[in-house]
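Shared chain: chain A. Partners: chain B in the first complex, chain C in the second.
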Partner chain A sequence: MATARPVVSIYNFENPSEKTGTMPMPVVLQSPLRPDLVREVHRDMAKNKRQAYAVKPKAGYDTAAESWCTGRAVARIPRAPGGGTHRAGQAAFGNQARGGGMFNPTTIWRRWHRRVNVTKKRHAVACALAASALPPLVMARGHKINQVAELPLVVSDGIQSLTKTKQAKEALKKLGCGEELQKVIDSKSIRAGQGKARNRRYVKRLGPLVIYNEDNGITRAMRNIPGVECAHVDRLNLLRLAPGGSFGRFVIFTEGAFKKLSDIYGTLKSGAPKKKGYTLPRAAMANADLARIINSTEVQSVLRPKMERYTHGIKRNALKSKELMEELNPGSTERRAVHLKSSQKGTPEYDEVQKKKKARIEESKKYNKEHKKGDETFYKTLMKAFEAKAAADAAKKAAEKADDEEDEE
Partner chain B sequence: MAERYAISKVNVPEGAAVPELVKMKMEKEEKLAEEKKQALAAKQKAREEERAKLKERTVAYEKEYADTAAELVKLRREAKLNGNFFVEPEAKLIFVVRIAGIMKMSPKPRKVLQLLRLKQLHNGVFLKVNKPTLNMLKLVQPYVTYGYPSLKTVRELIYKRGFGKVSKQRIPLSSNDIISDALGKHGIHGMEDIIHEIYTVGPNFKQVSNFLWPFKLSSPKGGFVNKRHGYCEARGGDWGNREELINELLGRMN
Partner chain C sequence: MHNDETIWACLGENGFCSFKVRWKEPKQDFCRNPYNVNGLCNKMSCPLANSQYATIIEEEGINYLYMKTVERAHSPKNLWERVKLSRNFLQALEQISKHLEFWPDRVINRCKQRLTKMRQMLIRMRKLSLKGGTKLVPIKKKTEKREATRELKAESAAKVDLAIERELLERLKQGTYGDIYNFPKKNFDSVMEKEDEEQELQDEDESDMEFVEDLGEDDEEWEDIDNKVEEVEVEGDLGMNDLEEVSLPARKKRRGKVEVEYEHEIDTR
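Now for the complex of A and B:
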């Protein structure tokens, strides 16, 4: 992520306007943010504190009920035996029956707990710590940190020795947590749901989580302040760092605790000294600035240039569109113009055509005069066929008439 | 290729500081724009040369068509003069139109129609006339009508309904560039070249005809006579060879 480790100021717990020193930010607080991981691990870890519930094993089946079978004008459901009481003959056992067992009775051997891989749990805690160092995420979670000087908020070790709640409250207020603490007090309300009757009457928001290294009274001082929780840096709980699965809890470190973070988690190179075989999570992308990567010379130099798309537009008909015809058939407009001219009187093209026509008619007449005269005309040659037949018919008729006359005589 | 570079204009407000990446992008785009300009100029020049050549070829084709027609007239007259019979040249080119739908088609004719690229009703393709194609047409006689298209029909089909097969897509022939890119290596650079190759059934007929996507014709205005029967039957019909009279039908289908 970041190239150089930023430096965090340590605030004097008695007089927070003055800074007692600085410290480089531990590498944990620069872990990649993985809300999905935190949510998943929190979901599974939160299941581990559950207590089993179930209906009694015999619930609904503690009768000697038997079905009356058919033939008695009643439904076939098992019925309680005996007599002398309302219960006799009443339906039993089925989930639909009054006093019967439930469908799919809840069992105590339901899998209540979940195991989570240790590395996953450790990554989730690292992630949640990193989120607590980012003001926008902490504000998004709902904490009022407008008056807080810096995130991560590191306070000098003196705060660990506070014994009185009054003093602790003063110290927190001076550090700028006043608004936060007030938010918690204002948020106390009666729980919705049956929990109110089960010794979980009130709900309120969560305030800051104070992470300390040496408990010289701080837990007892802070424990009665509504909303404030304390945690030892060696034993950080994801359920407290990311309540409800949302990371970005407002965290206040003491100087010792902050220093110890580097000792516990180490760096990406060294691994975590206090957690065997564990190294902090690495980001999936070392450089997540996509715009810069894409526009870098290394990438751009091997890309081919962006091309315009082929657009063919709507197909037009060249037989109707003169421009398109000229485009597809160069010179067609010229030729067409010349051709049209030949039908306009007075143009040389027109005269040319008329000349040819005249010549053709002359030729035809000459040919006809030569080859088609006398008996060679079309009509005569056509009629020759009919005349032959007509002559034959006439001869036949004359012969018949001659026969008839002979017969008469 | 450089003619198609997509140059994006980066708008920098007056007097504003230009970020480093934006500056890099502007320089890059400038260089590409320069290349594009040169490529476009070269393309324009090449285009003008091509068009001049195409114009010459078109004029030659027109003359060729007129000459062949005149030659035939001359030979017919000569024959009549000498009292001989002129045997008309057999047709070289056939245009086939699928008449039947796709339902209930037996496998063999179905396959032949697929091979002829007649996969849809009223699809049409140009075919060379030779023994194999004639035998194929014999197999699908009742499902197609075909005949010998005239020059006018060929021109109108290609100009109005001409689409080319460009990287397996059906692209309208809206520009000679499309034709040149696909068929340039066979010496076909424009619409008139295509028409000439098809009509005269030249040496590259197969490539040109295959480049042309099967023609999707409309139903004939005025209708068919009776698709169930053959054209040559006395009762009147539509399928089979209708020789020159295909032009009348195509005039109504185009």
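Now for the complex of A and C:
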């Protein structure tokens, strides 16, 4: 079911049960959802903060080793020169040697960073923002927002002036983020892997991202609350909006920031005022509810009636199944019945058959009497043919004999 | 926007959802969302991807019908509307039919099935709580082994049999059993002799010591005798020596009431 919610309530940060006003939803938050795009852009953007690592360029090759070549009853691998020490004569260079370099040494000129098209990056941010406005996506990402009054959560500007962490924490709790903050605290654990020894000892879940317009203390108030991050509307980072490449971060907007979204991104028609040459992404389908489209009157009215599928039962053999035979060859049952009856003495069918037979025989006899006489009888005809053939054979033989005699001579 | 299809596309088969649990063998996806009707992960059962959804949830023994509609889709706090279901099964079914009157049949059926399941679960829970479960305690192999070995060692160190024997003989000597038991005389005597031997040996030692002290003679002279005495002791004769003359009150004490007479052989070697 598609819903378009044009209006968002603004909550009083001191008393979140009351709403101080409403605001139309910026078009950014209605951008099409493109998880694939966000994942791709995040993947590339995340590579940009990397620091190079490599083995020393001379690693494993800082010896004057040379191969002893053949004739010395040793393998031909380069060996360390000199004498008087264990090292002398030991294999050097090569990944297989002890103290030798590695295969394919890691280098600093590896391509660490990736460039992403600006439009692509902006689309990704727009998409991530849109995802943050949908409760199912935020829940699916793992945030506990069951007590949050509304999504997107917009809070009055007063929250930007908070200076004390205690106040900030209370404000967040009142807004329904208590469960979320607790989740972060509970999730703190020692990192698995070497990171724990590399100044990355603890890991914890991420909490809400507070997007503000004017920093009158909010960053400093919020920064010590575990899990909470702050961001300025003008500088929204995909890496924070879609951590790990999965969009749907729990975002809290301040009133000013929410208003500014429309100023920055504009609409599909107007383009983005603050981003030169950029227009928000357009959905491939205006209405993505396939089921609704297919079942709509517009579509259904133009369809031809549904084809009745012929479902084949078990194939029947007409020679075995009398019913099927009758279907295919109407009258066959009757004929068969008659045929059966005709061999039973006494029935009219039998009499009929006999009558016909008699007539046939009579006919034949009559014909024979008329036509087959004298030389026309069967025997005579047969012998005639035989004699003809015999004569022909004899003539052939005589001819052959004559030829043979000729040949002999 | 908030379109069920697009949301399912983001969450479903090829997407990511934190509630999804994928099994490879057998190939099955489950949903850990508490509002899911049947616990499976598919488009029809996903509470996130369906803006109109209904479930039965059990809280402290009471079943509630939870419903959500599109109209409240934007507000997670007010998303679910719940109706307390009657404890009477048939009435509860009717309640479901009434509240979900214009909903698709499948949804109604699924809710009713879930209600049945919940009720049966509650019945089972009540039965189990009456039984009083057995607490399972794990067996620690290492500890068990260790304790068993120690037990054996302690048992052999205690020498229970000997202690029992001694105790019984004590009691016998003291006469606690009186004349209840009839022992075959031979065995009885042999045991008593053994007992006495032990005592005598002990006594002998003592007597040696006493003798030396009492008479205050040179050790040299008596060394031989000591040796002799020792020899005699070793041979196992009933203590026969000059030394016998020395009566030791200790010995008598030990003997107690049982009187055994010794033959005194006066042989000094």
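Throughout what follows, the second predicted complex is superposed on the first by the 295 of 409 C-alpha atoms of A that agree within 3 Å, B and C clash if a C-alpha of one lies under 4 Å from a C-alpha of the other, contacts with A are read in each partner's own complex, and residues count from 1 in each chain.
Basically, contacts are C-beta pairs under 8 Å (C-beta built on N, C-alpha and C of every residue); 3 or more make two chains touch, one makes a residue touch a chain.
Predicted, not measured: the structure shown is a model, and the values here were computed from it.
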*Could you say whether A:E308 touches chain B, chain C, both of them, or neither, answering first, second, both or neither?*
first
*So, A:N146: does it touch chain B (first), chain C (second), both, or neither?*
second
*After lining up the shared chain so the two structures overlap, which partner does A:S246 touch, if you call chain B first and chain C second: first, second, both or neither?*
second
*For A:L328, decide between first (touching chain B), second (touching chain C), both and neither.*
first
*Examine A:E370 and indicate which partner it touches, taking first as chain B and second as chain C; both and neither are also allowed.*
neither
_Touch count on chain A, higher of chain B and chain C_ = C
_By the touch definition above, which chain A residues appear in both interfaces, chain B in one complex and chain C in the other?_
291
_For the chain A and chain C complex, residues of the former touching the latter_ = 1-5, 30, 32-33, 35, 130-131, 134-137, 139-142, 145-151, 176, 246, 288-291
*asked:* Residue numbers of chain C touching chain A in their complex, please.
replied: 1-7, 9-11, 15-19, 48-49, 51-52, 70, 73-79
*Mind listing the chain A positions that touch chain B in their complex?*
291-292, 295, 297, 300, 305-308, 312-313, 315-319, 324-325, 327-332, 335
*In the complex, go through chain B and note every residue touching chain A.*
1-2, 4-6, 8, 21, 24-25, 28, 32, 51-52, 54-55, 58-59, 62, 156, 159-160, 163, 171-176, 190-192
